[in-house]
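Should a chain be cited, it is by its letter among A, B, C, D, E and F, assigned in written order, with residues numbered from 1 in that chain.
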Amino acid sequence: MITYALIFAFACFGFGLLATLWRLLAGPTAADRILALDTMVINFIALLILYGIWRGTAIYFEASMLIAMVGFVSTVAFCRFILRGDIIE
Amino acid sequence: MVSGSGLLPVMVLLPFIGALVPGLMIRAGRNACATFTAVPTVLALVFLGVMAPGVLDGGTVTAKIDWLPALGLNANFMLDGLGLLFAGMILGMGLLITLYARFYLSGDDPMGQFYTYLLLFQGAMLGIVVSDNILLLLVFWELTSLSSFLLIGYWKHLPEGRQGARMALTVTGAGGLAMIAGMLILGNIAGSYDLSVILEHREAIQASEYYLPALILILLGAFTKSAQFPFHFWLPHAMAAPTPVSAYLHSATMVKAGIFLMARMWPVLAGTEEWFYIVSTVGLITMVIGALIALFKDDLKALLAFSTVSHLGLLTMLLGLGSKMAAVVAVFHILNHLTFKAALFMSAGIVDHETHTRDIKRLGGLASLMPVTALIAVVAALSMAGIPPLNGFMSKEMMLEEVAHTHWWGGEWPIIILATLGALLSVAYSFRFIGHTFFGPVRDDYPHHPHDPPVGMLLAPGFLAVLVVLIGLAPMTFAAPIVEAAGLAVTGSEPHVHLKLWHGVTPALFMSMVAVGGGAVLLWLHRPLDRIWLSTPRPEAKVMFDALMRRVVLGSRFITEVAHNGAISRYLAIFTVATILLGYAAFQGGGMPAPTRGLLPVPPLVGVGFVLLMVATAATVTMHRSRFRALILTSVVGLMVSAGFVYLSAPDLALTQISVDTVTVMLMLLALHFLPKETPRESPIGLHIRDGAIAIAAGVAVASLAYAFLLRDIDTISGYHLANSYKGGGGNNVVNVILVDFRGYDTYGEIIVLGIAGLTLYALMEALLNGPASRRLRNWTFPPDRSRDRHPLMMVVATRVMMPIAALVGVYIFLRGHNLPGGGFVAGLVISIALLMQYMASGFAWAQDRKRFEYHSMIGWGVVVAGLTGAGAWLAGQPFLTSAFGYFRIWPFEEFELATAALFDLGVFLTVLGAVMLMLYSLSRLARYAGETVNVDPMDYDPSRREVADSEQKDAR
Amino acid sequence: MELIVATSLGGLTAAGIYLVLRLRAFPVILGLTLLSYAVNVFVFATGRLTVGLPPVLNDDASAYTDPLPQALVLTAIVISFGMTAVLVLISLGAFLEAGDDRVNIKDETTGESDA
Amino acid sequence: MLKRLFPHPLLSVTLTIVWLMLVNKVTSGNLALGILLGIVIPVMTAPYWPNRPKLRAPLMAAEYALVVLWDIIVANIVVAGIVMFKRNADIHSQWVVVPLELTSPEAITVLAGTITMTPGTVSATLSADGGSLLVHCLHTDDPDGIRDDIKTRYERRLKEIFR
Amino acid sequence: MNHWIIAPVVLPAMVAPLIAYVMRHDIVLQRTASLLGAVLLTAVATGLFVLSADGSVHVYRLGDWPAPFGIVLVLDRLSALLILLTSVLGLIVLIHSVASGWDTRGRHFHALMQFQLMGICGAFLTGDAFNLFVLFEILLIASYGLTIHSGGKARLQSGLQYVIMNLAGSTLFLIALGTLYATTGTLNIADLSVKVREIPVEDAALVRVAAMLLMIVFAVKAALFPVQFWLPGTYANAPAPVAALFAIMTKVGAYAILRMHTIVFGPDAAAIGTLSQDWLMPAALITIAIGAFGVMGARRLMPLIAFAVLSSTGTLMLAVSAFTPYSAQAALYYLLHSTFAAAALFLFADLLLAKRRTGDLLKVAPATVQNGLLASLFFAGAIGIAGMPPLSGFLGKLLVLDALRVSDYTWLVWTVVLAGSLLTIVGFVRAGSLLFWKSTSADLAGPIEPEPEDEAPPVTKLGPLVVAPTMIMLAMLGLLTVFAGPVSRHMEATAGQLFDPSAYIGAVLEDQPDTKDLSAHGEAH
Amino acid sequence: MDQDMTLLSELLVSVFLIVGGIFGLVGSFGLLKLKQTMQRLHAPTKATTLGVGGALIASMLYFLMIEGSVSFHELLITLFLFLTAPITANFIAKTFMQGDVPENELPQTGREFGWAVYDDPPSEEDEEK
């Protein structure tokens, strides 16, 4: 049962990746692209967690945690670049 | 073998050591300088005198010193008759020139330099003539080119001097290089570079298939040096040198080096058809052409220069004839030419010195004004013309005699006519030299009123003129011994020379008479002939040479600027194409074993990741002009690569890749702040296609390479690492144990790279702020539509909570790294990112003011801690970076592990943190220089201040 | 899977090379970034591909992936980070000094004819 | 002294708990390490958080958390419906201005965060003086109702908590 | 195990951070530490040279791990020689930098210099292919910092190109190493040698690719056609003392080819065959030609010198390309010569530029003070690099020509080398007569254009300390000439070791008495 | 009993997985479907975050109930995502406004100062007033 649920979840978030890619390419605004990248990262984290369940190992959680953190920082940096130019003025 | 072999190398060395003297002595005055310059020459002459008797008796002095035995280049010297003749000429003339130059050079000329160059040249010449190793000979040969370059260009303020020097060096240098090849071949045939060995291998050499190439290459050296046609043109231009130089180099010594070489090699190279036709033909042509040009030269020195060319041609021809007698005549004429030509040069120098002109058309009638000079010149010139009873007559007669018996290009007549013509022209220009300079009416328009120079200046030419007469009158006394000894050295058999003025009625006598008579007629007809000559178009060697040189320079420049055009994109394209082609060529040379692995299955999600990766990669390319977009797209690429690492069992890689990417993106954003935001469209479509083709080829190449090995298994050394990671390294995470232990040295290097990067960025930032870039920064304008909130409240508040948590995560990742994915590097990046979060929230400068650690010293400590941890192993007698670990228990805590590897990892951590922060610092300094202000408060506006302000106002009321 | 990895590598390399051959510093930097991804994957792949076998020792694992290439890639990643940082700032410096970020240099010097 | 050792006591506790969650194993050693880090890290980061926000009414905070959680779940379903099944033309998005009584940056941040996390609304920006909040509604025909909802449901509670 | 073996790496690696971080505000202290470090390094290098002179091979097992699993350092004649060369060169260049004040024209000069020395020494010592990459990166990144030391437009622009080129090179290096590991499963050079020889030619395609790619990588460092393009621009725009130190940088590439393509990919390895020399020789010849044309066509002094260095690199690689013990001997002798000759010229250029207000453009300018001194230094340097007697270049060139006598292309080789020499000589003569002879003639002196760049202020008089390093470099050429016999004998022995790698392999792989004790701890958990 | 427990836990885990998946899908679908940038901002910041939350809870339950190990990491990640999502959304909204929304299209702040994106914060003098 879990297997099927997992596959369903994989499919959902996998679709999420493709959707975010589309948005990232299509834009049209910088905000859209940043949003798409941010969402992609979150989808990726979800997939990573699902993969952890699939493999039955907790070894990928640090990666998820780290990605959550750097994903946030990148998004803010991209936004600040558009907003201010200098990200750490 | 005769005694005195120890003297020989010392004799060669003397001038070189002596070359130091003038520089030291010049402060003591010109006379002292000249005197002490003469000392080494005199000493060398004395040495030579000591060795001379033995050599004149047919002996040879040898000395052997090992120098570079691996090559067969040894400082082996040999003094035989030929060497003795030349050494005597070089040293004797050297002494005379030293004397003459003392008076010739003016007070403005740097005399010390002159004597230094002179002695260097003398030493080099001396080396050539006593070398018993052809490689050693080459060394001295090239040295003469160099030192003569300095001498010719001595008057560097004269453009002719500079050009002449360069031309001489170019031509003789080129010949010298050809000769190197020739000598190497010769040595290769003979099996040794020792001359004495080579001289014993005549048959082997002449039978070798490499004989002709060797001969041509060596002759190129000799012909260029001795100004043989068609290389004769440099010699007249070298006349821009001071006259002592011309007298020394271009009459007595350097130009004779080529003649010497031909004489030296005569025993092994001469006697073949090739030798005969090449050498004698070149000699004859040179002799006639040189004499013809000499006749129409108005510059005294140019006239003498071309006469020298002509006489060198004569000598070459004689050596080329291949008969022993001709060779002996050549030797005799070398001596004679030296005496009269040097005297003539000196006389010309005196005339120049006194009248301030060398133009024969502005001279005449000097005999009465400077009688002594005139006497010397007349004697020498008559000798040159071959008028009895002077020495020139004798050797000319003997030459004509040899020629008369020679069968050349199908008969005797061609050579007889040409040789006679040469002699005839020789007579004409000799007569013209004295006739138009010293005789005729005294003029009143000399640039400077002449009279005989001081005695010092007359001594040297006078002495030579006396020799001219003495040899002419008593050849058996003054010339025969040395000519015999030298002839023996050249021909290998006792020549039994009988030098006498009267040979009876021979063909030579008739030829001689024709020459003298014809010469006189020519001189009588000179004026009309001169007009014809001047109106005849003829190739001007200097013009051609200059044009050639200019073409070479322009051609070189063209090649250089086409190849190295400063376009790195083309360099890289070439690099890539070359790599692909060479890689493919290498691949073709070997086979491939059969695959041993199947393909792993591809789950659909991996397919999705693949699509993302490829699309993002492709989009990075197609959208690269919008730099920001491209940057976002590369983030996707990075994310997908990390995903791949996760999927393919490399969590450590994923962690590292993703954190490094983040920091890299930050740096790029910081830089992009200043850089243009768009990449202009500037390369033509063809370039895109070319680059696209190269890129695709490279992609296919790399993909195929990877695919090839991915299907084939192999045993690797990492089994050991897996087996011993825990036992020997104390960690479960094998990757981390490899990093901090098995290959900790790599990691040590890697943190040093980071540390250097930090330093470099800092140094560059400082340099930019101190250079012109600072002006650009100072005038920086920011877009007016920037957002007005620099440090939004929400971000600041969120950071206050998240930053400590992120720091905690950093500590966690650091500590667990040894056993699970993580480690000092990732931890350092995590902490950096946490700090970066803070910097983004409240600004770098604000946060920087509150930092606890100096980033510089953090890098320093990191590198030092890692280094000291490694060096700590020395205390235990272990090699650098040997790790130690143990499990400890302290109540009330459970067992824990302590490992030196963790300390090493701490060094890594500190370096990474320090380097990243220093980089960010450097970039943010630039921004502040560009006018960003530093905020006082952590956030743009704290609304609670409004409340406080309100309440304060209330209180105030 | 092997085919996918190889193709990805090829794609990254091709894109990287194409960008490296552009005329401005920024795309060149992007190109080098892509190349460095490619090369990291390449070196990583020399340990051959395995799924779900990370090189962390534990009791129930019967096999591991090859840890050595991973360690090498880690070193390479760090080094290329340092290099990229230097490259970025040098290109910025060149831009600030020269006024544009062209990578190709036009030599403006003019020589003097011989004499 | 105590203030210097514990500049943010709540943070210290949080960090210790987070540490234990990270290491995933409650042992004496980990606890000691967690406490140590809980002390050291706030001390190190204290300069970046100069003031100490006043937190009162812990019960109210808990209540607030539950309310928000509930809102998140319920409203998410609503929004899912809008996103999935409403035609784009039928979605009426609006800007809503929420005047703020809160002045503590922390409180404002929590409010703005709450507004964003509860579906249907995103807090877009503050006014330059932090006195009002601009909110974007995905679909509403009653912007004033939304504003009042925010003020009564969240801001009132937050005013209690951050008094 | 002799711990001194790692001293050439650890010593500068410790001195550098101290200079950079502890002493960074005190230039006197920095200079003292840096010079002291260099002196100590030279002393250690001398000691190691003596140690290795008897032909013994010393292995240093880092972390006490057995080879091929850990990283080893290997000290043999070749590595000892090059470390000694590096340290001597480094010391002289440092003295020049201090005396000329270059070290104060930007930040962190001494630290970067020490790191640079560390990287170079490390590269010469390492017995591990991947570690060679790491040390290459160290010496490269330090060189990036040094190339752009004190900034300026031209320097940064050419520095950027230098960095890009080398990053491309490093990328290829990793691909090559990857391919090598993928086909042999090892990274240790001695082990690679063993493994490569086990590969039959019918399975050798990939390992051949690895060998070729590695050769290209090293060719980039050695500046060999068609990857030589970076050199002239970089050297011409680098600070002169840095350019002088870089004289050793191209040698690192030559060293790597000499090391890897004899011990690992030697002609005796069936898998490789003559692959290396087949491609190296034409590349070297073209490099010589390009360098010579560059000298002939140069408009500026610094590029002129740089192209001469390029040509001399080509000559060096030509000697390497024959892959015989004798040619290696010639190559090593020439290597010593060309290092000092190039360094001497760059240091000289610095002296001249300090005195010439018109920069290094080859055009007439007013005479400089001490024109005679500078002219003689230039003349000597030119003689040195062009390979004219009495300096060692001539002997080196003769050795190279002699060593290549056996090749099939002797004619071509000799023609190129000799014609290249001629162009170089003539080019230098042109430059010298413009710089020194024409400059003294007032009639030709053109108007003075000040340099656009903010270069260093002209020194009024060159003191003995400023001139000494250049003279010492030139004196080295003289010493190499005088002691050509003993030097070449040592080179012969060194080359012999390269072509009989059994001692090397034995020392690394077989002679491992007691490495790490692995019995202490239990199994993994 | 044991089997029931297992079934129950599997059911629970599956439910969370499916709910998480659905929300994730909604978020991504919204990103594709919605027409305006500000509208699109709604979907992922919330739905996707919630979707990840679902997956995380599923994971926690899975390891707790099926593997038998307690893992709080998921909780941490959830906490982190919920903490950062609003900030992210805020920044993206501002990015959009700065580039694509003129100030006059927005309602007034109702205060002396405009929206932070377009207006400078109160200065010292402003405060004095």
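Simple rule for what comes next: a contact is a pair of C-beta atoms (placed from the backbone, for glycine too) under 8 Å apart; a residue touches a chain by one contact, two chains touch by 3 or more.
Just so we're clear, the structure is a prediction, and the values are computed from it rather than from any experiment.
Peer 1: Can you list every chain in contact with both chain C and chain E?
Peer 2: Neighbours common to chain C and chain E are B.
Peer 1: State the smallest step count from chain A to chain E, taking one step as a move to a touching chain.
Peer 2: Tracing touching chains, the least step count from chain A to chain E comes to 2.
Peer 1: If I average the CA coordinates per chain, which chain comes out farthest from chain F?
Peer 2: Most remote chain from chain F, centroid-wise, comes out as B.
Peer 1: Between B-F and A-B, which chain pair is linked by more C-beta pairs in contact?
Peer 2: By number of C-beta pairs in contact, A-B is the larger.
Peer 1: So, comparing C-alpha centroids, which chain is the farthest one from chain D?
Peer 2: So the farthest one, by centre of C-alpha atoms, is B.
Peer 1: So which chain ends up closest to the centre of the protein, judged by Cα positions averaged per chain?
Peer 2: Of all chains shown, the one whose C-alpha centroid lies nearest the global centroid is E.
Peer 1: Using the average of all C-alpha atoms in each chain as its centre, how far is it in Å between chain B and chain E?
Peer 2: 16
Peer 1: Distance from the CA centroid of chain A to that of chain F, rounded to the nearest Å?
Peer 2: 12
Peer 1: Starting from the mean Cα coordinates of chain A and chain D, work out the distance between those two points in Å.
Peer 2: That gives a centre separation of 22 Å.
Peer 1: Would you kindly tell me how far, in whole Å, the mean C-alpha position of chain D lies from that of chain B?
Peer 2: Inter-chain centre distance comes to 73 Å.
Peer 1: Mind pulling the chain E residues that touch 2 or more other chains?
Peer 2: Counting only residues that touch two or more other chains, chain E contributes 130, 134, 137, 141, 144-145, 148, 151-153, 161, 164, 168, 175, 179, 181-182, 187, 233, 299, 430, 438, 444, 524-525.
Peer 1: Give me the residue numbers in chain C that touch at least two other chains, ranges are fine.
Peer 2: Within chain C, the residues that touch at least two other chains are 20, 25, 28, 38, 42, 45-46, 52, 54, 56-58, 68, 72, 75, 79, 82-83, 86, 90-91, 93, 97, 103, 105, 111, 114-115.
Peer 1: Could you list the positions in chain F whose residues touch two or more of the other chains?
Peer 2: 22, 29, 41, 49, 71, 73, 76, 80, 83-84, 86-87, 90-91, 93-94, 98, 116-117, 119-122
Peer 1: Sort out which chains touch which and give me every pair.
Peer 2: A-B, A-C, A-F, B-C, B-D, B-E, B-F, C-E, D-F
Peer 1: Chain D touches which residues of chain F in the complex?
Peer 2: 22-23, 26, 29-30, 33-36, 38-39, 41-43, 45-47, 49-50, 70-73, 75-76, 82-83, 85-87, 89-90, 93-94, 97, 106-117, 119-122
Peer 1: Which residues of chain F touch chain B in the complex?
Peer 2: Residues 80, 83-84, 86-87, 90-91, 94, 98, 116-122, 127.
Peer 1: Could you pull out which chain B residues touch chain C in their complex?
Peer 2: 159, 162-163, 546, 549-550, 553, 557, 561, 565-570, 572-573, 576, 597, 599-602, 606-607, 610, 613-614, 617-618, 620-621, 624, 627, 630-631, 634, 637-638, 641, 644-645, 647-653, 656-657, 660, 663-664, 667-668, 671-672, 674-676, 679-680, 682-683, 691-692, 694-696, 698-707, 709-711, 713, 716-718, 721-722, 725-726, 732-735, 738-739, 742-743, 746-747, 749-751, 753-754, 756-757, 760-761, 764-765, 767-768, 771-773, 776-777, 819-821, 825, 912, 915, 919, 922-923, 926
Peer 1: Tell me, which parts of chain A touch chain C in their complex?
Peer 2: 55, 59
Peer 1: Mind pulling up the chain E residues that touch chain C in the complex?
Peer 2: It is residues 130, 134, 137, 140-141, 144-145, 148, 151-153, 156-161, 163-164, 167-168, 170-171, 174-175, 177-179, 181-182, 187, 233, 299-300, 361-364, 430, 434, 438, 444, 524-525 of chain E that touch chain C.
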